[in-house]
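Next up, some structures in structure tokens.
In the two assemblies presented below, subunit A is common to both, partnered first by subunit B and then by subunit C.
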Partner chain A sequence: MQRDVGSFPLAPGLRAKLIGAGFQTAQELLEIGPCELSKEIGISKEEALETLQIVRRECHSNATKTADDPEAVGKCTALELLAQEQAQGFIITFCSALDDILGGGVQLTKITEICGAPGVGKTQLCMQLAVDVQIPECFGGLAGEAVFIDTEGSFMVDRVVDIATACVQHCQLIAETHQEEDFQKSLETFSLESILSHIYYFRCHDYTELLAQVYLLPDFLSEHSKVRLVIVDGIAFPFRHDFEDLSLRTRLLNGLAQQLISIANAHKLAVVLTNQMTTRIGQSQSMLVPALGESWGHAATIRLIFHWDNKQRLATLYKSPSQKESTIPFHITPHGFRDVHPPPPSQTPAEVEINPRKRPRIEGDKQ
Partner chain B sequence: MVILRAGLCPGLTAEMIQLLKANSIATVVDLVSSDLEEVARKCCLSYKALVAVRRVLLAQFSAFPVNGADLYEELKSSTAILSTGSKSLDKLLDSGLYTGEVTELTGAPGSGKTQVCLSIAVSTSHDLKQNVLYVDSTGGFMASRLLQLAQTRTGDEEEQVEALQRIQVARVFDVYKMLDVLQELRCSVSQQVLSSSGPVKVLVVDSVSAVICPLLGGRQAEGLALMMQLARELKTLARELSMAVVVTNHVTRDGSSGHLKPALGRSWSFVPSTRVLLESRESTWGQASTRRIASLTKSPRQPTGIEVELDIGSCGVLEESPAASGEGR
Partner chain C sequence: MICISCMFHKTSIYRQSPGSVLTTVLYQDMDWDQFDMNPKVIAAVKKANIKSIKEILNLSGADLQRLTKLSSMDVQCLLKTVSGTLRKSCMLTALQLYQDKDHCTSQHQKLSLGCSVLDSLLRGGIPVVGITELAGESSAGKTQISLQLCLSVQYPYEYGGLESGAVYICTEDVFPNKRLQQLIDQQRTFRADVPLDVIQRIKFGNSVFIEHAADLDTFYNCIAKRITLLLLRGVVRLVVIDSMAALFRCEFGAKDSVMKARYLQTFGAKLHSLSSRFRTPILCINQVTDTVDETDVAQSNFGLLDKKVSPALGLTWSNQLLMRLMASRITQSEQSPGGALQHTGSVLRTLSVVFAPHLPPSFCCYAVNLEGVKGVKVKTPL
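Entry: the complex of A and B
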């Protein structure tokens, strides 16, 4: 096995010692025993044994890997992936226009990033998704659980209660019109208490806690295997203040993104992140762009930008591997995240925006 | 720097090695470059035996110079030019992807790098009937999009299925696993484990900076070492196994001038032989009038600065046609 010693996951000091002693390829390491190795490069016998075990394991797994061994690196043909993707569900958002431009809803195994100015509805969508992921399968949902990692403190339980109640009522209406048994059965388990008890909430106060939480997430997920959604509300907030070393910030963010996408892939869940906006001053004008810099733009697979157009909230799909760019309007009602319905001439639906913490955009506007 | 071991060549025994080591000659380079008379005297070994050993070691470990004409003939017979499926992109790359070389696509988020990669994969698998290995490290691979691209090329379902079967996908999210995948590819080819339609001809790595960026920067030099390991693996695969390697890279903002430049720094800029920059010009994220421009920033054959316009529609990366130019995207 002509694999270079530098390509194994060993500690840097150890690697330097191995190369200094003249070991170039894995083949040379496999030929000697741990005692000789420890004598030659001057490390303890336990370290030598560990090193040889790592090298042997990597080499043997390479040799015995066949095309059917899926857990090693996860190679499969595009056809198999297609079958997997088509069997996967989406997390609906209750706003059919948004679901359409996303291609069905928030996709599993991908990172979706929502950027927007303050007060435009990012946390509202996150809370809506945390409820929607729990919709039972017979109603078209995923029957999963949600993890909500909050860094800004914007999670309001009473708002989630409103959204969940509206969702349960919606499902009850569907069950009544269809009159099937499994609908009734699943409605028994789909209640306000069960929804709230299946949202796992973590509060992180600074970036160290956030990083620790994300790195400990795989252990949590292996105990709670029904989790289908991980929300990080406010990934920009802990990284935007209190950071002198910008290259460290880029490194940490990239590492975080890779950890999140590998969790999303391994446990088949969706990851939703919210980001803030910052102003970029160009030559002639200034624009609002998502925060955290250029390199962060590559981390998310799907990027949605929420913005205002006079008094209408708009969502633009800015980056997606399979859908083209488009913009749709949406509303935030007392029941949660909803479509914009053109007001029929006879009744005028009262669209009151509930924004208890942020300044209302329109002062007391009722249509 | 190969260490001297017993049995490395006939005549090199364990006692000889012990004596040589006692005089601080541990590797092949040390033995070959030292004065053999002195060594024979100090280690009490026979001069003739040492000369014989040196001759064998030189034959075994040195590189052989190749005549330029022979090299040219060899390249002519072993290099293939693979069309990317899009005429304008082929024009940019001097008629397509060359095997034996690494081509890099770089661009801002949302500029279309993954789309171009998917398009290349489908056209290689369907039009040229060759195997493709797609290494995805960002999660941007969508098999349903591949199916869409295949469906616009042929209406026959069997052909679509075959085209998808020739594309192998590996999802890796850190650099060691990526090195594992590349090593495994090399082993499987060298052990001649052939799949149904032959060896892999195109290797797409999307993206290479996603796995390297978390390691670069700061005071650690580890990141650079791993990046160069990866670069060496990619170039060896390209050259020895006659593959065309396509990698994608991110962009960062240059601190001083404010322009966008490819990520991973100057050291990486020497690795790919061709670099293409993808941009969307005159677009804001509210409007729909994006023009996607691909420009050549580094090439061994063409002058740099050539630009072509790409149209990334539902059919993949097509060339700009007068009829399509009216539709805004």
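Entry: the complex of A and C
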């Protein structure tokens, strides 16, 4: 900050003018704006701006060099990384089987992709996670906030209200059995309104709006530092039409993935994307594969595929760096995303009047 | 603060939702001087011959640096400013969505079917933004339901309507005009919940617009130009397409699946954008095909209960939908002999929710009477 003005990499004539006007240290230069500087020493506005930029840049890099902190350079050992990862929380899904195969829940600082046919439960899981990320720490949650970027228009707030109400009730049940003070205190702030007010919703109508929104996301996240989850539902929809040039699409998707990874790391949050399925016609049979092509498959760290087996919904962990591939069944109940418990007796429309609101027992109730 | 309207030609914003006005900004030639940026950056952008916001966002950071010869910091600043213009005040919290009761913007606003039993199955009715599909076998009642919606859309907001007309696009059959007239005559009996003077004031016949489109190009022109005009003028708030499958039946064989998929995606995207731009529900009637393969059933039937048929047009089309409903007739064997399901004369049918983001898979029974489609609460012996 006290560095002499003459030592900066400026044109000699400029240096002479600065010293002639009375500027001695960098500190003095940093305090004035470009318009004032251009008036004081008689140079054009552009030149003044450039000068200030150079000075600022030099000062900044000096500051980082003098700090003897290895983190500024970005070095750390694997042991430190392991400790960091283990201390990190997970976002639970309320389906214990799914949490188990994921290794505890949806991981922070990673991109998790959920693929599946329409109607299998991808948006339901996203809504569940947007509520679960807000669970207070004493109940095992992250007490964070969520950003929901919707490209398909499938975010129905009534459904989120159902899920949030069930989550609050679940926590209330736990608090009743434990009777500790901090449980009661956190419950005061964990209500339906507070949950809804911490889900930040963005609606993007095409891929350009999505790209623009992701460019603006880092600034938004700096202002809202409690956000621990960014959901993009779905990533495939805006990219699957309107593209004559598939290489442009691949490039844009790669850029998007890179930005999301850097956001996930910089702000220590989880990114969840939903993807569609498409049919790939093979030699003798056709199979369902995630959309957006092979190269997109590398973007997500963790990939879950939801599918049907007769009437049962299944989730398969298809790609993960640390967990093995496995498949578990799950249910979507009026309360949200849940485990499968003793299956309800199978019914057909003509036999019995189905009560669609009948819910199977959920785990918490057993306690 | 940049004034958006001075940056592009006057577009009619009558009854368009706020987000949609900005989408036209994407493609317009921009007056870069209006942006709040360093003059050097503006000059570089002009020199690189970059004309629209879309062009900027289509380029990566590195490409922009190369084209404009700006530093990476300047390019980041450019991208952020441009994105900020496009996405100004776009954030809502879920709480705001929940508490929004204004019928121009609220998610709670739905298009009623005119029958309380059917409406409670759908938690209010058809969502106002999004493509809803009604699939089913022939004579399951799909056209009846869609005609009913063409009338219920014309009622005031407090009676579940959208105070506007409907456009009905026929792709194969002739429009059932006689039946529509019958339904219009019976409205006072059918909608007993609405005061008589309200019903008498509505000129039902005047607000149902009928379009014909028998092939793909005519259809695309229809939705891109004619329907858009009707929506801009605010005279319709419901689009019914009867049916999508008919457009694709003759023209595509098994080998043309890629071409077919592209058409479906283009149509889906266009309908989607019309729906969100004008807050207008799109109802697509779809036919069903027999499921040939067991694996097909698992993959694409989405858990439909015991169905030997599945909606036509496959996965590509299903990916475009917000909600899928299935109408079917109850076969003889499924009706209990006790007569609990025998309704006076008419055959009972079921309307089931196959998938929807806000509804569980559920169903209810309905009957088609002279005055319209009425849901039936079925009581079965325990």
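Basically, the second predicted complex is superposed on the first by the 269 of 367 C-alpha atoms of A that agree within 3 Å, B and C clash if a C-alpha of one lies under 4 Å from a C-alpha of the other, contacts with A are read in each partner's own complex, and residues count from 1 in each chain.
In this text, contacts are C-beta pairs under 8 Å (C-beta built on N, C-alpha and C of every residue); 3 or more make two chains touch, one makes a residue touch a chain.
All figures in this text were calculated on a predicted structure; none of them were measured in a lab.
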Which of subunit B and subunit C A:His307 touches, first, second, both or neither: both
Which of subunit B and subunit C A:Arg251 touches, first, second, both or neither: both
Subunit B versus subunit C as contact partner of A:Gly297, first or second or both or neither: first
Which superposed partner A:Leu229 touches (first subunit B, second subunit C, both, neither): neither
Contacts of A:Gln124 with subunit B and subunit C, given as first, second, both or neither: second
First (subunit B), second (subunit C), both or neither touched by A:Ile199: second
Touching partner for A:Ile91 - first (subunit B), second (subunit C), both, neither: neither
Which of subunit B and subunit C A:Leu273 touches, first, second, both or neither: neither
Touching partner for A:Gly153 - first (subunit B), second (subunit C), both, neither: second
Subunit C-contacting residues of subunit A that also contact subunit B: 248, 251-252, 255, 307, 309
Footprint of subunit C on subunit A - complex, ascending: 45-46, 49, 117-120, 123-124, 130, 148, 152-161, 193, 195-203, 205-206, 208-209, 211-213, 215-216, 219-220, 236-237, 240-242, 248, 251-252, 255, 276-279, 281, 285, 288, 307-311, 313, 332, 334, 348-354, 356-357
Subunit A - residues contacting subunit B, complex: 1, 3-4, 6-9, 12, 21-24, 28, 31, 58, 62-63, 65, 67, 72-79, 81-82, 84-86, 109-111, 245, 247-248, 250-252, 254-255, 257-259, 261-262, 264-265, 287, 293-295, 297-301, 303, 305, 307, 309, 314, 316, 318-319, 321-322, 324-327
Complex contact set, residues of subunit B against subunit A: 1-3, 5, 26-27, 108-110, 114-115, 118, 121, 134, 137-148, 161, 164-174, 176-177, 179-181, 183-184, 187, 195, 207, 209-211, 213-218, 220, 222, 225-226, 229, 232-233, 250-253, 260, 263, 284-286, 288, 290, 313-314, 329
Touch list for subunit C against partner subunit A, complex: 19-20, 23, 26, 38-40, 53-54, 57-58, 60, 79-80, 82-84, 86-87, 90-95, 97-98, 107-108, 123, 127, 129-130, 257, 262, 265-266, 268-269, 272-273, 275-276, 295, 298-303, 305-306, 314-316, 318-319, 321-322, 324, 330, 334-336, 341, 350, 352, 354-358, 360-363, 378-380
